[in-house]
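This report concerns only the one structure given below.
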Amino acid sequence: MKNFALLGAGRIGSMHASLISASAQANLTYVFDTYQPAADELANKYGAQAVNSIESILEDATIDAVLIATSTDTHVDFIIQAALAGKAILCEKPIDLSTERVNECWQQIKACQVPIQIGFNRRFDPTHASLQQQLHQGEVGELQQLIITSRDPDIAPVEYLKHSGGIFRDMIIHDFDMLRFITGEEVAEIHAVGSTLIAPELAKMNDVDSVMITLKTTSGKLCHINGSRRCVYGYDQRIEAFAAEGMLQSNNPLPHAVAKSTATNTDSVSSLNPFFIERYQQAYQAQLDSFIAALQQNISPSPSFLDGMKAQQLADAAQQSLETGKPVQLN
Amino acid sequence: MKNFALLGAGRIGSMHASLISASAQANLTYVFDTYQPAADELANKYGAQAVNSIESILEDATIDAVLIATSTDTHVDFIIQAALAGKAILCEKPIDLSTERVNECWQQIKACQVPIQIGFNRRFDPTHASLQQQLHQGEVGELQQLIITSRDPDIAPVEYLKHSGGIFRDMIIHDFDMLRFITGEEVAEIHAVGSTLIAPELAKMNDVDSVMITLKTTSGKLCHINGSRRCVYGYDQRIEAFAAEGMLQSNNPLPHAVAKSTATNTDSVSSLNPFFIERYQQAYQAQLDSFIAALQQNISPSPSFLDGMKAQQLADAAQQSLETGKPVQLN
Amino acid sequence: MKNFALLGAGRIGSMHASLISASAQANLTYVFDTYQPAADELANKYGAQAVNSIESILEDATIDAVLIATSTDTHVDFIIQAALAGKAILCEKPIDLSTERVNECWQQIKACQVPIQIGFNRRFDPTHASLQQQLHQGEVGELQQLIITSRDPDIAPVEYLKHSGGIFRDMIIHDFDMLRFITGEEVAEIHAVGSTLIAPELAKMNDVDSVMITLKTTSGKLCHINGSRRCVYGYDQRIEAFAAEGMLQSNNPLPHAVAKSTATNTDSVSSLNPFFIERYQQAYQAQLDSFIAALQQNISPSPSFLDGMKAQQLADAAQQSLETGKPVQLN
Amino acid sequence: MKNFALLGAGRIGSMHASLISASAQANLTYVFDTYQPAADELANKYGAQAVNSIESILEDATIDAVLIATSTDTHVDFIIQAALAGKAILCEKPIDLSTERVNECWQQIKACQVPIQIGFNRRFDPTHASLQQQLHQGEVGELQQLIITSRDPDIAPVEYLKHSGGIFRDMIIHDFDMLRFITGEEVAEIHAVGSTLIAPELAKMNDVDSVMITLKTTSGKLCHINGSRRCVYGYDQRIEAFAAEGMLQSNNPLPHAVAKSTATNTDSVSSLNPFFIERYQQAYQAQLDSFIAALQQNISPSPSFLDGMKAQQLADAAQQSLETGKPVQLN
């Protein structure tokens, strides 16, 4: 049984509280939030203790792990404090919007050797994970090309987007991680194009809402990511892997399976899942299980801090390519 | 090269004229119709000769085969005349609405030993035929249960229905043949229920527009047919075969493969085929090819006259079950 | 918050314990089982109290509801005791294998007027429920024909089947309830056929393993149920509703959404759900929520005791039709 | 009725001969091929006259149109000769491998003002055409992103590839045309990457077998094309159009519609179409019909010579981007 402290009692924090609480292998002991009423409410619901400073958490020797679900700009500080206190860490992505700060963070914590996992939950989605597994078991031979479709249901308010770090660091970072997860390779070259087809005001912030990215891996595999901040038909998250002996598709699971045929057409009555909380519910659960299992078996959890850093570097390179109009080499 | 005379220049006759004409193995030599302008027009279009009596056809020694596509009540007479003249015969279903007349016909022609094939074209549909083939190759083990869905797009005018022989002899007879084709067995027992949910006036003619039929084959396989005279979403023709080691479905092919996703649902933009001419286009072509191939190889064409007779007996038994409310045993 | 006592700590009882425990509106207070270790283990896991007689439960005024998940032959006694003690009841189907005993039970409890719900969980499956809802909202017009496919993954041991009451009372009873739920009508006539295509030894027990049932409702709607005790490709549970203006299909949801294309074919990598625990997980949850909501709102829970009784009568009539070979009229 | 001369009696020429011959609006009068036996055989099969020089064709005033299906390097000469002789022209793509020669050709023929159509047959495929039509009717709002998947079943022999002009001019040129057809816009920028994942020997020829191309249209729409010379699961030709109010997918039609479910998975028994002759059969027919209709109505046929030229320019630019590693601007 592992005792958890949850940092952050917002929407995503609430979801993590529910998952920790439901796990037969975990207790939710503390809930921290700078906004005290949020911490109180969540702690109360799950029989945990609300705190408004993290010192008491770090000093409590019974706490095994902290789950960091606070705002992005606080991640690095909390990671460092938790690592120095010897706690295992499960931190929401991204580590930080600045790759420089991510590097500094790594310099400070690597000696601590605490287990640390970054919240690339999609690796644990049953559908994506099955594709990755089939591929790595050789079911369709050597991978040649990969297409990732990543479309959010709707654009966030401009105020949020201003501090988001841009579409690559905020949203597509998940897909950069997915690409590394599925190809099992690093990226050698990246080229990104983008347009403001949804929110013209983004242009002023050097940001875009619609992107296409081409990536070439070290062995020459070709990858494409398409992303959009608005997708009216729901949360569209698909992967196609073209390989030497076949093709695998990770399609969108539907909430239910009713079809309707009328004089004009045949509908699947069900729409796509509305957003990530619904779509990746099982993934978040499996992510937590995987983190706990790593702690119990005393192995390094995965995806690692370095996985988080590499996805960030791809996001930076994509932003650079977008701004310069040229492909960027990575090494 | 086989020389054909076509009897009947109506809608279905026109389709056959086009198929014979397009075949590299067949010539369309004569077109007969009692309505001379129809015969003239069709003959003219395909470079054939229009005739208004069939004697000249039967006396012409260069004619190999007659394709009978006239009204049902004339089939038996034309079959007998053509058989006595030694012509091969491809006759549209049903042979006749009266099983007694069908038997008499058989008594008169069986000594002639001319090749004769009944137009159960659905046996030649690529989708249905693939199901039958997979099943008979043992791909899913021994068949246990069979479901046939047979729904016409819309009900014919009451005047037509009055002389149609009822839903079993007019429409479901195709499905009775399909059942025999797929199971490879005869029926031991049949039970039919029906309702007038579409055209209440049918009740006065001892007919119905919606039916469900349960059939048990000699080895105990269980079969179900559902039929309707009106299906607003198109011509619905499907088969499910439940077997010891799996299941096969013959689904509706769609005219094209576009899908549309919007905020409310995902549509297949394409509707089902409107009716049999479109749905079974390839089947009609393959049926003709099969008939010609049998003539060329000097083997008996299939489905045979006896297949036509047996489907008719099932239609009679279904009608009897509907009227008495009791299952009917066959032997 | 409603306090529950759970009767029965077997496989299905364990699932209910987990659901009650996870509900924000319910506490699991007691677990009863005649086999004490099972009760202990389950009670311990969820912080409840294990008991080996139900008296203490019935005497505890803080208990709002009992959930009966014991063996079928004990249902009636427990229902009567709980009703007399004024407890709300959620009882697994079937009420009893004998319709006579079900009637007697009703005579004894109806004056108690306790809320009682029978565990026809499939009414709460998101896919089936969406079909029913679309239909009742008039999305496809008036229902004309209904097809229910109900195929279990594998046959139970013969010892179990001996006391199961036969395929209609044990298995197809769910489908009889579904038919009443979807049509919103009572059945006027039923005809059942069956075969022993999987387990020949069933013939000696007057039972079968493969069935097809035709049912006509009071207004003339035609319904078909096909059932099998073994379905090698998984738990096949589908519904098709043919209506005046369209058709609705409740198809099998798949555990994940990966497709694989190779030189020979395109597979959905995912198999069907293995059995009811997986397939109807959400349905069991929604069933419990619905029961609790009815208690909170002080309305009659549904499906009711009478719904349980009517499904049983259909099972009896199907068995009678199977044995006599004749359709049975109901009134 | 339009009289056609066919230039080229190879595989694709044979297909055109069959289509012209089957058309009710066209006669096949001449077949030309430098390899006399091929011309003889084809002409004989369809009742046309075989010729081994095109002068007799061009001098025959009864000839309305020439269909050019000879080897690519002969296209320009035949186009010029036919144009000068006042014949309407339907020419297989590409016009020529050299854009310079295409320009010169245009300079020589534009004054002739003969109807000329380039064989981008895919515009006439029912599935792709339905997508384009839905989009242009505004069914899903303004287009934002487009993905074209274009994968050939297998790589041609190296000898053929040596003279093919490279993957962009030989194969992807169809997709460049499709992109212009669907977006209704010109391309402002193109970036191409490629790898030799199938045939390493291509590297020596400055060619690749696997490509990904990103294109930005003048209004900022983002487009992606992925292509491969080998696709073991069949001829994979799909389009996805992401738009402001929805998404359209042009999926692969299957030859038949049988599905098989077994213990391990659910297959669509049918594989994809093997190659373009099968996949685009209806498209070739509709292309010819469209050409003939334009002649009859005295309007310019489409896609035009300029459409052919523009696709070629995109192929050149893609090749340049591949070789330089940089995006290429177009104007």
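Miscellaneous remarks
The first chain written gets the first letter, and so on, giving A, B, C and D; residue counts start at 1 in each chain.
Here is the rule we use: a residue touches a chain if its C-beta (ideal position, glycine included) is under 8 Å from a C-beta of that chain, and two chains touch if they have at least 3 such contacts.
Remember, predicted model here, so these are calculated numbers, not experimental data.
When you average the Cα atoms of each chain and compare centres, the chain farthest from chain B turns out to be A. Across C-D and B-C, the chain pair carrying more C-beta contacts is B-C. Averaged Cα coordinates give chain B a centre that lies 42 Å from the centre of chain C. In terms of their C-alpha centroids, the spacing between chain C and chain D amounts to 58 Å.
The residues of chain D that reach two or more other chains are 232-233, 245-247, 261-263, 269-270, listed in rising order.
Note for the complex: chain B touches chain D at residues 22, 126-127, 130-131, 134, 139-140, 245-263, 269-270. Chain C contributes residues 232-234, 261-272 to its touches with chain D in the complex.
In the complex of the two chains, the chain A residues touching chain D come out as 142, 144-145, 147, 149, 151, 189, 191, 193-198, 210-212, 214, 216, 220-224, 226, 228, 231-233, 236, 242, 244-247, 325-327.
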